[in-house]
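Below you'll find a set of structures to go through.
What follows is a pair of complexes built around chain A, which joins chain B in one and chain C in the other.
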Partner chain A sequence: MIKFYDWLRGSGVYAVTVPPMDGALKPNDLLETASIATVAAQPDNLTPDGSRVLFSTGNTLMSLERMGEKWSAQSIASFAAAITCIGAEGRGGIAIGIDDGTVLLKGGKHDGLRIDKVADRPLVCPTACAFAGENTLILCLGSLTNPASRWKADLMERNETGSVWSIDLASGAATRLADRLAFPYGLQIAGPGRIVVTESWKHRVVEIVGGKVKELLADLPGYPARLARSGDGYWLSAFAPRSQMVEFVLRERKFCLGMMANIDAEYWMAPALISGRNHLEPLQGGAIRHLGVLKPWSPTRSYGLLVELDAAFKPLRSLHSRAGGRHHGITSGIEFDGAILATSKGGDAVLALPRQS
Partner chain B sequence: MSETFVELQGITKEYRGVPALRNVSWTLQRGEVHALLGENGAGKSTLSKIVAGVTGATAGTMLVEGKPTQFSSTADALEAGIAMVFQENNLVPTMTVAQNLYLGDEKPFNRLRKLYIAAQQFLQSMNFDVDPWATVSELGAAKKQMVEIARAVRKNARVIIFDEPTATLTPEEKGHFFSLVRRLKSRGVSIIFISHAIEEALDISDRITILRDGELIVSDAAASFDRDKIIRAMVGRALSEELYTKKREPRRAGARILSVQNLSLGQMVRNTSFSVYAGQITGIFGLIGSGRTETAKIVAGALKRNFFYGGEIAFEERRVRYRIPRPAVRDGIVYVTEDRKREGFFEHMSISENFYTNFMAAGLQKRNVVSIKEMTGLAEEWTKALHVRTLDASARVIELSGGNQQKVVIASALVKQPKLVIFDEPTRGVDVGAIADIHQLIRGLADSGLGVVVISSYLPEILNLSDRILVSRTGRIVEEFSPDDATEEKIMFAAVH
Partner chain C sequence: MSIGENLIRLRYRLIPDQIIGELLSKSWIDTCIPASLLAVTVVVFAAIAPDFLSLDNLSDTGRQLGELGFIAIGLTVVLMAGGIDLSVGSIYGLCNFATLEAFQGLGLPLWLTFLISLGLGGLVGTINGLLIGYLRLRAFLTTLVTLIIVRAIVQTAALTFGEAMTGVAPDRSAWDFVGDGTIAGIPFSLVALAILAVAGHLFLTRSRLGWHVQAVGGSRRSALNAGIPVRRTVFLSYVISGLCCAVAGFLYAARLTNAGPEVGNGTEIMALTAAVLGGISLGGGRGSVSKVLLGTTVVLLITNSLVAMGLRSGGTSFILGLVLLLAVVIDVRWTKNRQKILARVYISPTYFSLPPCPSTAKDSGSVFAANDALTSAEPIGLNAVDGAEDVIFDSQGHLYTGSRQGDVIRFLAPDYAKSEIFAHIGGHPLGMAIDAQDTINVCVSGMGLYAVDQKREVRKLSDQTNRSLFSIRDDSRIRFADDVDIAPDGRMYFSEATVRFDIYEWASDGLELRGNGRIIAYDPRTDTSRTVLSNLIFPNGICVSHDGRSLLFAETWACRISRYWLEGPQAGKVEIITENLPGYPDNINRASDGNYWIALLGMRTPVLDYSLKMPGFRKRMAQRVAFDEWIYPNLNTGMIVKISDSGEVIQSLWDSTGEKHPMITSMREHAGNLYIGGIFNNRIGRLPLPNADPAWTGPRSYWGGR
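Then we have the complex of A and B:
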């Protein structure tokens, strides 16, 4: 009865509301004006690994090193499909998730290990991984049905089929830590036995405690991506903004399914890593453009957002690239060697800006 | 013909033995703008009420056009050409603006259409943007004030007393008001202008009279005053600029205590979103009609949002939808109204009864029966904490001055032990001394970890108090400033454009 009432009024779970970007999330242009460390096609997965930073661009694993004021990127390896996640052990071992449904281990004690199943489940969508010791890999699977490259379809289908696993690399045994998650995209081991993941489709950060989730940060105005350490706190990236229009489309199932069946995914009324490049896209015209200028405050489908959180996961400050900007689709952000690095997957660049900015 | 229109000789007024005016001798010239200044409780309102026939003097004589006069009612005074526009309006809320304007002048067979056309023409001639068809209860405080002013002007009064006329007006409306005052003056109408805005008094008046503790301190030509001299005379000490010029570090935000998302209410609140954090003062600035008050009232359960797609409110990360204020109060949300007379207190009840009623509304009383001891204790505690100037807590609220009434309203909210306090124009119609007290109190609340929202039309107040500043325009929050980068110009630009 309450559900029907909510459906009728557009409230509760049927609300098409979006939290504002205010307080610590107040918009600025820091990401937009950040310098470009390196240009790369759809960069993602910034991961510190000793004196270098690993990141991915399509199916290539890259390393990024600081050379004074400049940054130098080098290719390390290439894979059969796009890289979806990277985990560095810190002593040479690297785990790499591939969009063809495998996780490969390079270097370290388990060099050459290939994982394509967890507890008889096919490994469809590895989205994040992290080492919890030499022999344990914590792995997030975003979806049971869609690979990571079809994240948009997973959102529009309103799936909650993600899971988090602990894999014993020596024996291959996998333990499910949490299930029925709405696209766990970011993963951070926040302390001994303390696993924190971002749940993108539920716009929140949760801690996994005894198979259940405990909300740490809820109702974000964007879709959270990866989570990285920042001194005592964390950097949380958000790859796209929430908008009332998308919330409405998600609510209208018939329309949504029709749209998915008949229109190219690029032109769906859905969040995007970059937008405003094609006249066929939705949300053109006066909604976002006035006299040929993209309004910075318009309800765009793409955005650039990186949030600094304190140790209790409370937002402290944020860096933005607004609707009129180019550095959108921030999928990962880390602090490294006195700088903040962020991958703009939509803007095809790795951004660098001083820690104090 | 003498230039003096009204003369008071040795006027004394006592309420229950407490003198509100002591031996005041004062004159009002024809066609002059005369500002009456003083702290709350100084006796300005009492003096003007005696002139307007609202109340009589305990001792002394009033001369109108040289003749000893004692009005028995405001109607008597109006007949003699003296009208008063009250700080808290006296309109009939269920009637339309036009009906209120012509109240008492109705003919046996009224043509409503003619009445509305005449009212519209009259309001337009005064540059007041008020719909004559609107019911008064639907109007905001500023528009009610405009109707009050229009009513007094329409009566062709020769003396018009304005009690805090500009407190609720926007800068543009103030401009219209001042040009109206000048027009009235040029027609030979005398204006008594009671205000706490010292600059306005200096700008517009020909003469200024300053009262303190019921005594006339000084009465002289406006040209002989400056701001500091006025403040010294008002408070008996140099308060200087300390109220609005202190720079300080903004407080760090605590947990998000309130999240308002895409809230809508008709044309007044349009898809507005903002958050409030514990341990911070969130200032909301906006012009009249920008939907600030309505938004606050929806949050506090005093108004209902749109039935369909009305938006969401989360208090302490829990979705809430209050249909009446009581559950909001019990959850810890209190709203301190901008319209204290109508919504702030029970004017014929005592201070202690007002406190205790609010205390009970929050369900905090120990037993389900009224405890006189609890009530007295509460009254003592809060009158002391807020420096309410009264003989004792059994005094009726209606007998208090505006500033002390405001303190009672604030204390009545705070006895509910809230987690989030929303102040709507907390210092409207309050003197400089009381403003300092109220600001101190608001800061103290934020320091103690409560979420505090201050809605104000007075930019220096917003700039001085707020840890973050939100600007409201046409029913939604359109801009956020940190105190570091906020200036009056930037805020006003955001509020207008």
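Then we have the complex of A and C:
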């Protein structure tokens, strides 16, 4: 009955409103004006590994090192498909998720191990991994059906088929920690036995407690990606903004499915890593260029957002690249050697800012 | 096309959804609530009440209607002025008693009795008016006090003089006629009411004081600021109410000759229920005589039927109270939400389908392949223009354009570095056409077709056309004149993009995709306008062909160009010459090589094209999603195409990034250059055309060399 009333009025779960960017999320141009550490095509997965930072560009694993004021990037290895996640053990061991549905281990104790199944379930969409000790790998699978590169389809299909696993690298035994998550994308081991993941399609950060999820931070105005340490707190990156129109399309199932069947994903009315580059992309009324200017508050399908959270996962401050900007699609952000690094997957750049900015 | 899609198309073709919104936007729609209420009451009580439809019953109800109607109309005047009069019942009782006392007790003639009654009613009304209008006491409390005091007077008088009323009256026959007589079978009191109703209607809608009453009730502060004597108006409304009650009391006395002190008890509740049920807003300002009469009829039917059904008088009051409560709720909610409902239902998208969009990829080899030819255009009036929808040149080579502030701006030849305000019109100038005398004929948004001559005199040419036959809303006014061109015989053809929306709501029309636009011909010889083509899908650019025998026009949302034959064997016929453009065509103008330039204001996007087949989706989008979030055409890309006389696309010029020329609304070739205008852009672009005839200008092409 209440559901029917909500449906009639467009309230409750039928509401298409999105939370405002306010308070700690008040917009600024810090990401837009940030300096570029290195240019790379679709960079992703910043992971500190000792004195260097690992990141990926397409199917190449790269390392980034600081040279005074500058940064230098080197290619380490290449893989059969795009890299979807990186986990560093800290003493040489690296786990790399590949878009063809495998996780490879390089260096360390389990060098050469290849995982393509967990508990007889094919590993379609590895989205995040982290070592909990030398022999245990925590792994997030975003979806049962869509590889990570088809995240947009997974969102528009409204899937909730993600899961989190703990894998014993020595025996190969896998334990399911949580299931039916809406695209777990970021993973952080917040303490001994404390596993925190971002649930992208539900715009929230949750902790996994005994197979269930406990909400730590909800109602984000964007789709959260990865989570990294920042002193006591965390850096949370959001790779795309939520918008009223997308929320509406998500609820219009017939239109949404028809759109997915008939139109290239690039041109869907859906969130994107970067937008406004092609005349076939959908445009929203508020995003019309007036007198040569695209207003930064205009509705947009892509955005750059990196949020600093405190130890209790409450937002402290945020860095933005707003509508019409270049540094959109922030998929990862970390703190390293007194600097903040972030990958703008839409803007093809690794960004660097001083820590206190 | 699937069966489902065919069904959708059929459903939207057969059911004209837009009618609901258009009906709701009519002011008489308010009356529908009491009218339907009346219908329901009649049906219900005809079914359950005994003898409901008998002649006796109806005649009796008619007489009561005469009396209560007077009171309710008086009360309506007070309510519409923003007040309330609770003392109507006791004034009614007072006048009833006074009439009987004067006529039967004192034996005065009937006319004098009537005057005494009027005088007494007017006196109480005057007291109310003085206290509330001039001393500005609260209407509710003040009239409550007069209600009590007057009722006390009536009771005292009834006890004191009640027995002295058995005297013989001088002219009995006239008295009986007032009480029981009929005129052509209609009770006298009902005839009197009919006369008052007509007078009251004329008073409220046609007289100065009536307008003042509505203005004061609508907004007291605004009325005061507008110089309306608010206090006097309020005062007079109570006097009118008192006088109306006096007549009602006189009629009642003649009908029943009942001098009891209880006459008029609870009448104020009946009258108030009647008024509110009829839709007279308690907040003031809104209402009409017809509505209150509907309400009165409903109330009387209910009370009489309840009495006939044997309900005790307490029960009748109880039900009447409930009805009043219901009416107040409806009144408050309706007044508050009417505009919201209208906004929700007004936009009514329909089914439309476009063929697959032609390829525009850079390497596609298609004539529409994206390029950046327009980015080399140099700017004119950079950051000085705002709203340059169209650009045009006179025979001296000066450039004219419009501005959002309502001016016609002139850039001076030859370098267009200097500009001046040529004339101020007041509305946003859109499409322009220049005649042999260098007079600029211009479509002005919200105003119509105007002319500005070289003496800078602004003259209105046309702001209305013939009303179409079956339109619910009056579409004779021109709201959205868009582009104009002049035929060789001097007649001006101009497009009106949509008759359902104003210019700032153009996107709503794009969402509807209904044929809401038309082309109108203005004949300067007779100074009249006539619609020549209607039901066009956002007709926009218009251009008389090089040979002057036909007219090309663009239908923006339909992405097509059509030809309308002005003369020859096909005169009056329309044929589509270019279909399925990759963008939305705006203005059309002549090119020096005998072809035509067409500005595309935006590009088609796959998502928007797909949504055209799903009108339900677009309607819900309009209702649920904020205006600024709607899916629009991609207006951040600019494109100009050239078509031949037969409609074949020859060339396309792009600014694919939209950095310099997004949303191109017009272009005009002049002396070897192409000048580019955009309604939202901050510049006019000048692009040299290498192969164009440098001697060719618009005025020469239209009016010959000089």
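Observations on the structure shown:
As a working rule, the second predicted complex is superposed on the first by the 352 of 357 C-alpha atoms of A that agree within 3 Å, B and C clash if a C-alpha of one lies under 4 Å from a C-alpha of the other, contacts with A are read in each partner's own complex, and residues count from 1 in each chain.
Going forward, contacts are C-beta pairs under 8 Å (C-beta built on N, C-alpha and C of every residue); 3 or more make two chains touch, one makes a residue touch a chain.
Keep in mind that this is a model prediction, so the values were computed, not measured.
Set against each other, chain B and chain C touch different numbers of residues in chain A, with C touching more.
In the superposition on chain A, A:Gly23 contacts chain B only, with no contact to chain C. By the touch criterion defined above, A:Arg317 lies against neither chain B nor chain C after alignment on the C-alpha atoms of chain A. By the touch criterion defined above, A:His110 reaches neither chain B nor chain C. By the document's definition of touching, both partners, chain B and chain C, reach A:Gln244. By the touch criterion defined above, A:Arg9 reaches chain B but does not reach chain C.
Of the two partner chains placed by the overlay, only chain C lies in contact with A:Met259; chain B stays clear of it.
Contact with chain B, but none with chain C, is seen for A:Ala218 once the two complexes are overlaid on the shared chain.
On chain A, the surface touched by chain B in one complex and the surface touched by chain C in the other have residues 10, 16, 244 in common. Against chain C, the residues of chain A that register as touching in their complex are 10, 16, 243-245, 248, 252, 254-255, 258-259, 262-264, 267-269, 276, 279-292, 294, 298-299.
For chain A in complex with chain B, the touching residues are 8-12, 15-20, 22-24, 26, 218-219, 244, 314.
By the touch rule above, chain C contacts chain A in their complex via residues 360, 370, 383, 386, 507, 602-603, 605-608, 610-611, 614, 617, 620-621, 624-637, 656, 658, 660, 662-663, 680-683. Remark: chain B residues 253, 255-256, 259, 261-262, 273-275, 277, 307-312, 314, 317, 319, 321, 468, 470, 477, 480, 482 touch chain A in the complex.
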